[in-house]
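Two complexes come next, and they have one chain in common, chain A, joined by chain B in the first and chain C in the second.
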Partner chain A sequence: MSADKVKSVKEDLVLQHKLFSLSRVWAIAFNTFTQLVRMKVFYFMLIFSVLIIGANFLFLNFTFEQELKILKDVSFGAMTLFASIFSIVGTALLIPKDIEDRTLYTILTKPVPRFEYLVGKLIGIIFLVAVSLVLMSFLFFAVLYFRQHGILAEEIKMIRGGATDAQKEYLKETIFAQGVRPELILGVLAIFLKAAVAAGVALVVSTFASSTLFTIIVSLVVYFIGHAQSLALEYYFPEGQMHGALQRFIAGIVAVVFPNLQMFNIFDGIITGQSISTTLMFRLIGLTGFYLTIYSMISWILFAKKEL
Partner chain B sequence: MMAEKIIPAVQINNLTKIFPVPFRKEKVIAVEGLSLRVEAGEVYGLIGPNGSGKSTTMKVLLGLISATSGSSAIFGLSSSETASRGSVGFLPENPYFYKYLTGAETLSFYGKLCGLSRRKIKERTSELLSLVDLENARDRRLGGYSKGMLQRIGLAQALVGDPRLVVLDEPTAGVDPAGSRKIRDLIIELKQRGISVILSSHLLEQVQEVCDRVGIIFQGKLIKEGKLEELIEIESQTEIILEHADPKILDQINKLVQASEETRLLRSGKPKTTLERLFLKETRAESEDVRKDA
Partner chain C sequence: MDIIRKERALSIVTKLKSYSYRRLLLSLIILGGFGFVRIPIEMNTEKMLKEQGFRDWSPSMSAREQLTQASFVGSIGGFRSLIASIYDLRAHQAFRDKDWASVEKFRGVTTSLQPRFAKHWDLAAWDLAWNAYAYYRNKSEWAEDGVESWQMKNIMMPRYLEKGLEFAKQGAEWVPESYRLSMVVADIYSQKYNDPELASQWYLKSSQADDAPPYVFRAYATHLARCEGKEEEAYEVTSSLYRSTRFGTRALTLTVRRDMERLEDHIALSAANEMSLEQLESAALSNGSTYLDYAKLGMHLLEVKKDLKVALAVYREIVNDKKAPLFYSRKLLMFLARNPANQEQAYEALKKLLKRSPEIFRRQDLIEFTKLETSLGASKNNREK
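Then we have the complex of A and B:
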């Protein structure tokens, strides 16, 4: 190679390199998603199906309100559990494994900035959580829809001498109020946002953790403390009282390290028929965006100079 | 006008890498004051025993770890810059890839990371699978690949971005002689295409066959470096290899040597082939027989 050619190699490299490339991020994200799908994680759908279909038959002697409430409780509970497990275990399983297997060497020795690798992994896992929640929601709404219609038919049949139109309308209104409603989608969205924050926590831990197990344990501890964070802050720093700069700083650090996950548990209210304000949903979306930005930045700082 | 400065493919200056030992005061010096230069289009072999600092040097060069002191650059760009890896292909020692991906999907994934277009990825995937002899395994998942096949798909992923520098860390580790020969042939082909190669190995015969220049690294220090022919030449000896030599000619040579005061005949006889060459010759002959029978 001549001197001119070699000189142009340097210029080419500088000119061709993109500081941030969405296509590279998407390649890593889609690869992460494919990896998890081929690890057969969607087998969980079988467990979920058994759970919610089983919930229909376990409580036959209950009133229809109780029966539908239990179905919604079990479904939302299972969705929260699966989404959180996917986000924490998925993140913990993939990044430390890439380091242990040295697969990361082959990725980072391509023109891929470390930040893109982290963001790609995070998006891949969040994408998987989103797809799994969509699948679970379809199943949940379908079972609930058929159950509410089944209950309505049963209730009408139970009225001696046949139900009048007014009675039918009343029953329909009362039963359907406990059935499939648009608010349920907001409940699923809140579960998704909570799982995304949990994935962010696991991402931070996996950048300094030495093993998958360590990442899972630490992330789960943060996840559980996150549910009690608001109570603890309220106890130590009660509202309405004046707090010094140091106290505010400590409260801020606690709020970043242990995200307030209790805020995302809005499905209890949705199950009992409470309405959810748009402001609250925007607040949750904003909070998730804030946490994911902060966690991505912290992960990058920790990972940028990590010796591989 | 000043002569234009030639930028080497690799330039490492006075590189030192020290690893701290956790919870202890002592430190491990993996590489100490190492300097080397690989010219564009050159094949450079870094040889040394296990733990001598070969892989550490490569990792610093590729920006996977940072140098404690000194510097390293690829085509004039510092290793700390991501852009320096824009034209590099790397094959780590005993590579693991995503075992749930097929051979073709693996190359496609790495092609996307190199910023190749969809059409280019398709072309390069077919071209490289053919080059490394894995066309038949293109749609098989990597979980079912043998060690040699993994090494070859590793080499293909290193080449997917059409790099101008290829870094190979123990490229033939754990590969059978036929696979090893195939990898060596590929390195020679890269050299013919003007691609710079830096490879580490402790299998010296392989290095001897493909490298233009060699550096010997021991306990983190580069103790010897130079052109291969110059390094392995024994100045005081001369080799004559004759084919179909008449015994009379041999007798005359012997007499001439005996008549000389300084010259001594150290050894004469039939030159030996290597065990590897014998293995390749025999297995090739055997497979041809099987093919004929079929």
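Then we have the complex of A and C:
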């Protein structure tokens, strides 16, 4: 092959190579997901099952509202905990592990932009969180469904002389209002959104962190400050009151730098039977997208020319 | 040569440093810019969350004092509902140990953590106004020390009753859309304070909630019927309830029947005492008169004029009116039985009525019926002798 021909083939290849390719991102994301699954992370499902089945049988002497509430509290609490741990620890492990296994060099020596690598990793971890939440939700909804029917049967049995149709209908309405409702899915979605933002934070930290431990600790600190930042805002800017410049400056810094994770805590209300509007849900989804875009950009800026 | 190398190396380090600083600075600028863009959106979202009832708890200093450090952090970190349930369990344990101070404390925590969950308020009111109250009442009855008994009766019992009422009222403010807590307040006024007027007000409030079962409105009617000076108002409510249930699909409850009879008797007796015979006659004979106008006239003839014969004729008219409640038939037969000549005939009719509609016989009616039966039995025996 002549030198000119080689040159033209090279030019063709350069032209064919897209700046951003979804298929490349997907390949990295899927690989990340597989990599995490191979770490046997799904063993957590055993713990989750024990937790919710335990919550189902331990509190039988309570009223049905308490019983169902405890079941929902334990399940949502466990989902929040597992989703947050997965997103922070999983993301913190990714880049150091790729460096350690030398996979990172294999990937980056190919025509894969670093931005795609980071986005792929983030999508992979978010996908893992989503799959784990779906699995937990299935188990939770199944247990809740059977429990609510069990409670209904018990309550009907307790009525002396047999329940009338109207009584049965009333009991069904009251018990099922505390049982499986479509709003619970929105609660799970809110947990997922919060975990996605936490993964974004961990990704930013991991691009400049010197160790996995450092990434986990810093991300956890940000996670907790993120929950308290709305309180800082309320404290420093109570309605109708103005504070000193320094206080406002500190509150401003906290609000600007740290994500507001408290915003995603809606399942407390959903558990007690409140409904959330679709507008509000779309707002939360939009804000999560906004956070992830910005955090991916920052990660790329910090990671683009990093010596590996 | 070395100097040139050193200078070159230094310049690379400086370049790299300035490069990484530039990137860090750029990241901070993006983060800051993003922060300024998102803060108004987030504040607006928080406002929406508040409006939709998702921000019913704020971790204030008083909340920090109530909770342990771990619980406080957990509550901020998104485990508020779970922490509330844990305190609920602690309250339950304290209830089992009869540690009422702890019950009050833990119930205070659960209600402050999740004020929009009606059951927390309900349980708090129940534990204090009923359980703690009953505990001290029992203790005061069995106490050997008079001072101790007095303290429990006059300090502890009213204290827990008030606390329970306070919880129920606060809950009703937090969850106004639910019938339950207003009903709990009404129950406390009815069963503990024996105040039918306040109880009826709260039952009415409770019955207006969308999820209120029909018995709450009936409880309102019953309590209103017990309020002195509100008989007319109570009659309006009870009679509409009576008519809607009697001619509707739902079964009439015994309480509504009893209240209806008592109120009609009260109204008839008041009119009988306040109005003249002519006035009552013209009211009964006018167009559009009701069976109640006849009942007023009948009552006047019975109680004021003491004319049983004419009164019986009036009561016959009432019984013929299909709108009149069935208890007027019982009344008529009871009046008939006052005349020894009609006793046997009245007894047979009453017996049939009792078999057909036992619900229209009150306790005093059954006593009278038994007396009648006894006297008839005795006279029959006398005749046989």
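Keep this in mind: the second predicted complex is superposed on the first by the 279 of 308 C-alpha atoms of A that agree within 3 Å, B and C clash if a C-alpha of one lies under 4 Å from a C-alpha of the other, contacts with A are read in each partner's own complex, and residues count from 1 in each chain.
The rule is short, and it goes like this: a residue touches a chain if its C-beta (ideal position, glycine included) is under 8 Å from a C-beta of that chain, and two chains touch if they have at least 3 such contacts.
This structure is a prediction, so every number in the text was calculated from the model and none was measured.
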Chain B versus chain C as contact partner of A:Phe20, first or second or both or neither: neither
Partner chain(s) touched by A:Lys305 [first = chain B, second = chain C, both, neither]: both
Touching partner for A:Phe282 - first (chain B), second (chain C), both, neither: neither
Touching partner for A:Val257 - first (chain B), second (chain C), both, neither: second
Partner contacting more residues of chain A (chain B vs chain C): C
First (chain B), second (chain C), both or neither touched by A:Thr34: first
Touching partner for A:Thr272 - first (chain B), second (chain C), both, neither: second
Touching partner for A:Phe146 - first (chain B), second (chain C), both, neither: neither
Partner chain in contact with A:Phe138 - chain B first, chain C second, else both or neither: neither
Partner chain in contact with A:Phe249 - chain B first, chain C second, else both or neither: neither
Residues of chain A at both interfaces, chain B in one complex, chain C in the other: 305
Residues of chain A touching chain B in the complex: 1, 3-7, 9-10, 12-14, 16-18, 21, 23-24, 27-28, 31, 34-35, 38-39, 101-103, 105-113, 305, 307-308
Sites on chain C touched by chain A in the complex: 19-20, 23-24, 26-27, 30-32, 34-36, 38-39, 41-43, 45-46, 48-49, 52-54, 56-59, 73, 76-82, 84-85, 88-89, 92, 114, 116-117, 119, 123, 213
Complex interface listing, chain B residues touching chain A: 4-9, 19, 40-41, 59, 62-66, 75-77, 82-88, 90, 92, 94-98, 100-101, 109-110, 112-115, 154, 157-158, 161, 164, 167, 194
Touching residues on chain A, where the partner in the complex is chain C: 59, 62-63, 65-66, 69-70, 72-74, 76-77, 80, 170, 194, 224, 227-228, 230-231, 233-234, 255-257, 260-269, 271-277, 279-280, 283-284, 287, 290-291, 294, 297-298, 301-302, 304-305
